[in-house]
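Take a look at these structures.
Shared between the two complexes below is chain A, which has chain B as its partner in the first and chain C in the second.
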Partner chain A sequence: MEKNKLTPWLYLLPAIVFLGAFMVYPLIDVFIYSFEEGYNSASQTYFGVGGYNYSYVLHDPYFLQALKNTFILVIITVPVSTALALVISAGLASVKPLRDLYQTVYFLPYVTNTLAVGLVFMILFKKTPYSDGLINLLINMFGGQSVDFIDGPYWAKMFVLCFYTVWVVMPFKILILTSALASVDRNYYNAAKVDGTSKMRIFTKITLPMISPMIFYLVITGFIGAFKAYSDAVALFGTDLNAAQMNTIVGYIYDMLYGDSGGYPSYASAAAIILFAVVLTITCINLIISKNKVHH
Partner chain B sequence: MQNNTDYKKVQKISAQNNRIITGVTYFFLTLWGIVVLFPFYWMVLTSVKEYATYNSEYIPKFFTLTPTFANYTEAFSAVPLGRYFLNTLIFTVVTTALMLIVVIPAAFAFARLEFKGKNFVFILFLSMMMIPNELVVITNFTTITNLGLRNTFSGLIFPSIMSVFYIYLLKENFEQIPDELYYAAKVDGTKDFKYLMKVMLPISKPTVVTITILKVIECWNSYVWPRLITDNPMYFLVSNGIQEIRENGFGRENIPAMMAAVVVISVPLVVLFLMFRKKIMAGVARGGTKG
Partner chain C sequence: MKVVLQNLTKIFPPRNKKSGGGVVAVNNFNFEFPDGKLIGLLGPSGCGKSTALNLISGLLKPTEGNIFFGEKDVTNLPAENRGVGLVFQNYALYPHLTVKQNITFPLENFKGKDRLTREQMDKKAYEAAKLVQIENLMDRKPHELSGGQQQRVAIARALVKMPCVLLLDEPLSNLDARLRLQTREELKRIQQETGITTVFVTHDQEEAMSISDMIVVMKDGVINQTGKPQEVYDNPKNLFVAKFLGTPPISVFDGQVTGGKLIVNGDEILDVPGTEDRQVKVGIRPEGFVPCVTGKMKCTLSGIEVMGRDMSVISRNPACENPVIRAIVPADTRIDTSSAEIKFDIKPGKIFLFDHETGERIY
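Here is the complex of A and B:
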């Protein structure tokens, strides 16, 4: 009998060990780190305990730049990608032939290596001595001036980053929305058709409310994902994001931890906790709004 | 009579409108398809252009009549792309295998076994799903560094194994298997472990395959942890390798060789995707997110 009581824990043991070592312990530790002032990773000593790390991070111009970049990225990419995915999914749902093919193609970016394909975007947008790059030639064709999107003005770099981010997150959103659209009860549509309701009205009065929980799910995960943006930026602008003025909050955390400007786990921890607080706040606001707006 | 022709006219106009709408829909669907596919086309195209040709094209050509595979040889010889590839393969296979070894028994315990505090422990597990990686990566980095495991496979693999979400997914699946099967097996004196291996796993094979594929994708594309934990190119994974190539390899201007490397890195997952298209998309729809 004694043995029987232990058996379930034996099955759980590996999971508990890994969770404990690499999630629970680090979670507690990161809070401790963030309050230890003047931590030295070589000697593992610190001077005192307090909020200095937070104040340092919040006054660091690099962090403020990262914060600004991340917010711009979030505010642009989340609505744009969600709306675009909605339009594309609605289009997909309304056609029959070739739908599978389109769906397959649209999903491709999900399985690609962000770093690798980012390089392709870089060469498409980059202006080099040899060539202005394909996108600039397109711009020239329409009478515009060439812009260096990779090493040029801030808005141009932000544009590429947003464009690439949208490209990367679209597969997931299209997939979720197409399955949500497919699950709407056809009887509603038939009833509306009998009443002679226009297509636009059917979409706004029936389809949208029916799939609104999924839209909100996408908005919430979209916010969380966009706040954690990092590898897209590295793919486009290289690892030295501070120099490119294109750092994100997550990038700032990793730079503090490691790399040329690294070796400050306390600052990294403080920044990580600030990020967590921001994401948590936004998620809560989203949940409150969705409670009032979403049709269940 | 008058009424009848009106009706026909209305029907005709409506059919015409529908055709126009369908046409416009296909146009925009195709447009997005091009936006998605074009970068892939461009990377393959550039990878087969000759270095000299590429650099002499001020206006890049959309096709090439003299494809060359020299860039691929260059990609494998000038930088240790084969090494990165092998590392990623080892990392992916071992991490995914260990993940299954950890996740399957845990899901079994939660789904089938009775023990004190089960619900409490399960809720604790679930709450871990809300913890962002960024919070724990800092300490993990210090832990692995202090253990002297930087630039080792152990350091790469161990912190990457756990996925609470997969325990949850598999548990849900296990619970759908009727209790009667379990009791019948118990009466026959079958051990729990044997029951898990011989009955539950075969029945839940689709879910196991799904989580395996999702984990493989995650491993193949992982960048942040490997970047933190390796600075010796001998242990680089493909993501870090490509970043290294971009910053130091080939001479910065050899774009065709760079694109050849990008193609090589992308092909395995694209092939995997085309093979298991339905499974991957269903699995992701059930709760995968990117990154």
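Here is the complex of A and C:
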């Protein structure tokens, strides 16, 4: 009897040990750090306990800038990339010739190295002494003024960052949506067709509800992914993101830990907990909304 | 409305273009489905009956030939504009919509002057639901219904727009045996109440025989025989039709016609005057065997099974193609089970002779 009770725990042991050591313990630790003022990881000392770290972070203009950037990024890229991916996969589902080629083309960004992609975006957008970049050449062609996308005005930099993010996250969404579309039973379409349903109505009344669980999944993971954005900004604007006004929350956390202004694990922990709270709230809101809209 | 198929042919292109060929699913189909009747399209799996149905619905385009609804040529009319009702084998009810929304779905597609108000739609949906007796399930989702109820919803959805033709693809094959019996009676009743020309596809000959006004027996994309179920049963045109219809199945023997006598396994069992001497296949319906001590056909008795009103006598004969011969006789027939041999007389109308090679009926 004793042995029987023990066996399942024995099976679970490896998972419990690893998850406990590398996920649960750090999580709790971060939570504790965030309430310890001026924690020093070398001497393991702190001055006191309280909400000071949160108050500091929330009054730090760099953090507020990072928060603003992250929110703009999330609000623009998640809907845009999901909607575009939906349009493209619906298109892919309806073309017959060269479908495999298109699918490969749309999937390429997924397997391409981030830095290589960053380089391509450099060529597209960066102003150098020799060239204004491909996009500026296009703008000039249509009679517009050159814009410095990498070191120029805030909106231009934000545009590049959003564009880049959308471009990078699209392949995965297209992949998921294409397979979701392919898994809808053809009979539903046939039934609708025989009943004289227009293409648009078939799409909105049958296709969309059928693939809604997948869309929902993409929106949730999209939100979480966009909130965690950091490397994209580095690839485009370099490591000094605060100077470029392009920092993100994760970037801020990194800077607080290891950056030039680093060595403040308490502030970093507080910022991390704030990010956690934001993501949790958004996900919960998503779940509540989806209850009525998603058909499982 | 009558439906006329003229020289209808459907060839599916080969998967691999180099290998050539392609599959002829429906081959030169000529038939007129009479107005207001229930017609069973019957055949073994893969004989092209579902393809024929999809050609009528417009979901498939014929390779050759024409389809007429009444006098109107609808061959090139897309499925959307044909106005047929179609019930799928797996029902294809939209899982995210309620029963009511499923039934009103076709009505919401009406445009222009045909457009209905919400009240009219609700009224029509209710009438259709009442016809199939599901009016108390209107707010359920399909997954909350049993198979039989889903089937009814599917029929209601197909009927609600008052289609000119109702097509059903294996409508009963997903139901359990008891429900199948009940639903097929329902189908007959619904068809008679609405008077809509109804074509249903089935591989179950019993189902087709029991409710159809007319059956079309298909094999390998070709119509083998058409007619009233009983006529086709009593008068099969070839060996395939004879074998396909009837439970238990017809017993088939190798036989020989010599001098106007039919000989099976050395026994002269029937006079067939005017038939030339030749090798034949002999088909005898289970009810065509009459046990009789003076019978001409000798078989080895294996056993008897009494099933209420009837009894089946199981015997063997070396000339028989079937593993055993099943004869259906009234339960009060006296049979000497201690004897290893049983003799049968053959009822004249229950025996058919077919060409040994082609299977065409010769007597």
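Keep in mind that, in the parts below, the second predicted complex is superposed on the first by the 274 of 296 C-alpha atoms of A that agree within 3 Å, B and C clash if a C-alpha of one lies under 4 Å from a C-alpha of the other, contacts with A are read in each partner's own complex, and residues count from 1 in each chain.
One rule holds in what follows: a residue touches a chain if its C-beta (ideal position, glycine included) is under 8 Å from a C-beta of that chain, and two chains touch if they have at least 3 such contacts.
In this text, all values refer to a predicted model and were calculated from it rather than measured experimentally.
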Clash or fit (per the criteria above) of chain B with chain C on chain A: fit
Partner chain in contact with A:111 - chain B first, chain C second, else both or neither: first
Larger contact residue set on chain A - chain B or chain C: B
Touched partner set for A:197, first chain B, second chain C, both or neither: second
First (chain B), second (chain C), both or neither touched by A:185: second
Partner chain(s) touched by A:253 [first = chain B, second = chain C, both, neither]: first
Contacts of A:230 with chain B and chain C, given as first, second, both or neither: first
Shortest span in Å between Cα atoms of chain B and of chain C, once chain A is used as the common reference: 6
Chain C-contacting residues of chain A that also contact chain B: none
Complex interface listing, chain A residues touching chain C: 185, 187-188, 190-198, 201, 205-206, 209-210, 212, 295
Contacting residues of chain C [partner chain A, same complex]: 57-59, 78-86, 88, 90, 92, 94-96, 105-106, 108-110, 157, 161
Touching residues on chain A, where the partner in the complex is chain B: 5, 7-12, 14-15, 18-19, 21-27, 29-30, 33, 41, 87-88, 91-92, 94-95, 98, 102-117, 119-121, 123-124, 128, 130-132, 134, 137, 167-170, 172, 175-176, 179, 221, 224-225, 228, 230-231, 234, 238-239, 250, 253-254, 257-258, 265, 268-269, 272-273, 275-276, 279
For the chain B and chain A complex, residues of the former touching the latter: 21-22, 25-26, 28-29, 32-33, 35-37, 39-40, 42-43, 46, 55-60, 101-103, 105-106, 108-110, 113-115, 118, 121, 125, 128, 131-132, 134-143, 158-159, 161-162, 164, 167, 192, 217, 220-221, 223-224, 227-228, 238-239, 242-243, 246-247, 253, 255, 258-259, 261-262, 265-266, 269-270, 272-274, 277, 280-281, 284-285, 288-291
